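Below is a structure I'd like to ask you about.
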């Protein structure tokens, strides 16, 4: 009898350990995922910059100063061959292939500096420009050895720095990983979500109120309930097909517009709002939306296909922004619920 | 006219209608000997509703259809013959036409620059037409309602009934959506099955949509590898991960964990369900896939892919853990406490009580949860799109690549194919199949839950 | 036999003359706390094999709580704390060396609302023996099931449908099934927590008859809010009030000549 009891207690301890293990491993998955994303993505928020010596005093730029304060400044400076000037300056400063050390759009940094201070055009100065993605990778420790050596060289000269890449949040998509930003996608996300909420929230809440408070018990309301429960579980891609066939095909709305995305998403989440709304009620004793845009998750998806190493960290960084956004919204929802929930 | 200004105008008309209706009702009330059935304000509301609602519906419908009408006008213009017949470029040009008409002056296509004024003109014309019609409608309906205001007119009941109708219509949207999904999928699928025999589609084993023989399109559009891949990744591998972890987590959290621990552990697990699937997919592609390939190679499989079925299935399983755990948790917690006490009072250990009494009693709920989880898994798109490949194999080796129905739908639709080709329509046929299967699973699961709930109430 | 002196305990009358055997279970100075709240205050009592002991008192007086200390079912409530000494055959059941699983096989419990498992009648009765490994062969188990059902007075009614679900029986039959289930592990003590309060009068009568038959084979403690029932089935009665044991004695004496004022008030219906 004693042996049997001991066996039973051993089984009990094993069972309990398995249960605890399951919870711990599941949580570990989550942390591992977050850690990987943050680890990969933190670098995406930083950008390497190189100090480019450029001399306008001895070799002035042929540009009409009057244009610099107007909207035509960009065009004027581009027309004056600023891009090539910057390239030659790079070669002069860093040797042969020096222009490969700076980003393709590095000249826009010089352009912006000039717009801010037109006196630069009569000076010789050092201007911080973004480094190319290869140099950026080398500065993080990857890439080829010669590049890493260059990085060390430049660092010793004080010509290399890593800064916060503020442009990541304000620039739009690009093929060059150092010039890329998520603003376009972020804007699209916000706009689409606005449309979704404006449509789904009133309809969902009104439906929930009706079904909980007023609807008579008959076949029709049963059908509505069954439909709502089923819709809540339909795969999202089916809604995509629906959007494609009806909104784009039959109604001819513009593709990729936040309006269409918002409408489709609204249809998708409305059943969830109705169900959640009904449960909440039960607990009481009685969009420019027409232009094409893109959204963050799609941006992440598109970037994930990019081969360049630089895109990996940018994608992870975009994921961090997305997650932060969602966590903030979740936290807000929990806060609102706690604040306004009354215990009956 | 600017649609917002129009809405504002209609709203303003509504206010005027309310005031006049109320005034009229008050006059009747003062003149007549009996009391009014409803308050003057309610009469006013009645008139206002008649003024605003039909006009509002009209404005919304009109503004949805105006872009297509304007686009039609553009297509009828003589310069439009230069437009490409279909595809990306056509869409891009039309988009630019719209953008220019809205006031942008920056674009790529000279053709768009030419067509933009046509669009603008048509759009303006329809805009003013719509405005006029809306105002006319508002006045007409408002006048009609005004004449009905009398002493014995039952305005209050009418108003209440209208509100109820509005709520009912809101609820009907759910049915409409389901119908819409089913019909649109069916319609396009029928067009597909006119080109490809249904037996070829459902039972064919070769899926290769890049090489479609126009004479016999069905030969390379056999969906069996897709069904297998969806089943293998979603119903087998993912469930092998999700069920043990989900069930044991639920058991631990409901039976063993201290309430303080359960309070933060449960939301933590639910965060797993809140992570966007695109993030999971990226994680699978970036980290899990290569790791599994290395593992496979070290085990001796030389042809391992970094886009293996195991990689996608594993990550999908992790995502689904909270679904299984949540349903199991609810089911186990719903078993009456008396069962648990009865078993413990007989000298059973907690694990014995769980295994012999609680789990069998909670089984219907757990099974329903698993069914719903399977439904979620086979409908999952993003993770497989990023982590699995498009290789339509029928293989039982988890280290090899497989593809799913959802990924193929995405692949078929992105790209420049025209809307009528068997390739594009195949996406709808796949969608219809997916919809029906998940629909069935969901109905069975909900029925199981319903029957089970009856047993305990 | 030693006379146990209860002079220190509050408001307890003299214990009746001891029978030959030592008490099966003894409680001395038991206090029970739920968090900060004290539910049971300084209770001392004996339970012996030959007599059915009844706990009576108004609702909320703690009789069920005290009952549950006898088989350590309070352990399942996280905030419960038990002080004092409770012994079974002389061994302190709250001692670290006492195995709860074995204790509960020796001290069985029947609950207020019948709670058969959603299994067959056979499996319900066989549950305990299976867990504790009391039957080697199938034949043994059949015997145990039949014996238990007979002792519970249910055999004749269900012998042809042992595979039917236990929950398909009537309320009274379900409760007898639960009694059979408790009997199946051959306990020494059976605790019954208001076993008839959810049953109709006919079923109640059957259960009371059953208790009569089981007397002597098992030490029975029954909690009841029905005084007449206590008078019918028990030989010893303990009156609880506000968590304390007010009076404990022979059933006849308690109901005809109670020593304590509070007992008299309760018996005569002054408060319920």
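First chain written, first letter: the chains are A, B and C, and each begins at residue 1.
Operating definition for what follows: contacts are C-beta pairs under 8 Å (C-beta built on N, C-alpha and C of every residue); 3 or more make two chains touch, one makes a residue touch a chain.
Treat the numbers as computed from the prediction; the structure is a model and nothing was measured.
Shown here, the protein chains touch in all possible pairs.
Looking at contact counts per chain pair, the maximum sits at A-B.
The chain occupying the central position, as judged from C-alpha centroids, is B. With centres defined as mean CA coordinates, chain B is found 22 Å away from chain A.
Separation between the centroids of chain B and chain C, computed from CA atoms only, is 58 Å. Spacing of chain A relative to chain C, judged by their CA centroids, is 66 angstrom. Among the residues of chain C, those touching two or more other chains are numbered 101-102, 131-132. Of all residues in chain B, those touching 2 or more other chains are 349, 352, listed in ascending order. Within chain A, the positions touching two or more other chains are listed as 8-9. Interface residues of chain B facing chain A in the complex, by the touch rule stated above, are 64-65, 67-68, 71, 91, 94-95, 98-99, 102, 164, 166-168, 170-175, 177-178, 180-181, 184-185, 187-188, 244-249, 251-253, 255-257, 265, 268-269, 271-272, 274-276, 278-283, 285-287, 318, 321, 325, 349-352, 354-355, 372, 375-376, 378-382, 385-386, 406, 409-410, 413, 419, 427-428, 431, 434-435, 438-439, 442-443, 446. Of all residues in chain A, only 8-9, 11-12, 14-16, 18-23, 25-27, 29-30, 33, 36-37, 40, 202-203, 206-207, 209-211, 214-215, 223-224, 226-231, 233-239, 241-242, 244-246, 249, 251-255, 267, 270-271, 274, 290-292, 297, 300-301, 304, 312, 315-316, 319, 322-323, 326, 330 touch chain B in the complex they form. Residue ranges on chain B touching chain C, taken from their complex, read 258-259, 336, 338-349, 352, 356-357, 360-361, 455.
Per the touch definition, chain C reaches chain A in the complex via residues 99, 101-102, 131-133. The residues of chain C lying in touch with chain B in their complex are 71, 73, 76, 78, 100-105, 108-109, 111, 113, 115-119, 127-128, 131-132, 178, 181-182, 185.
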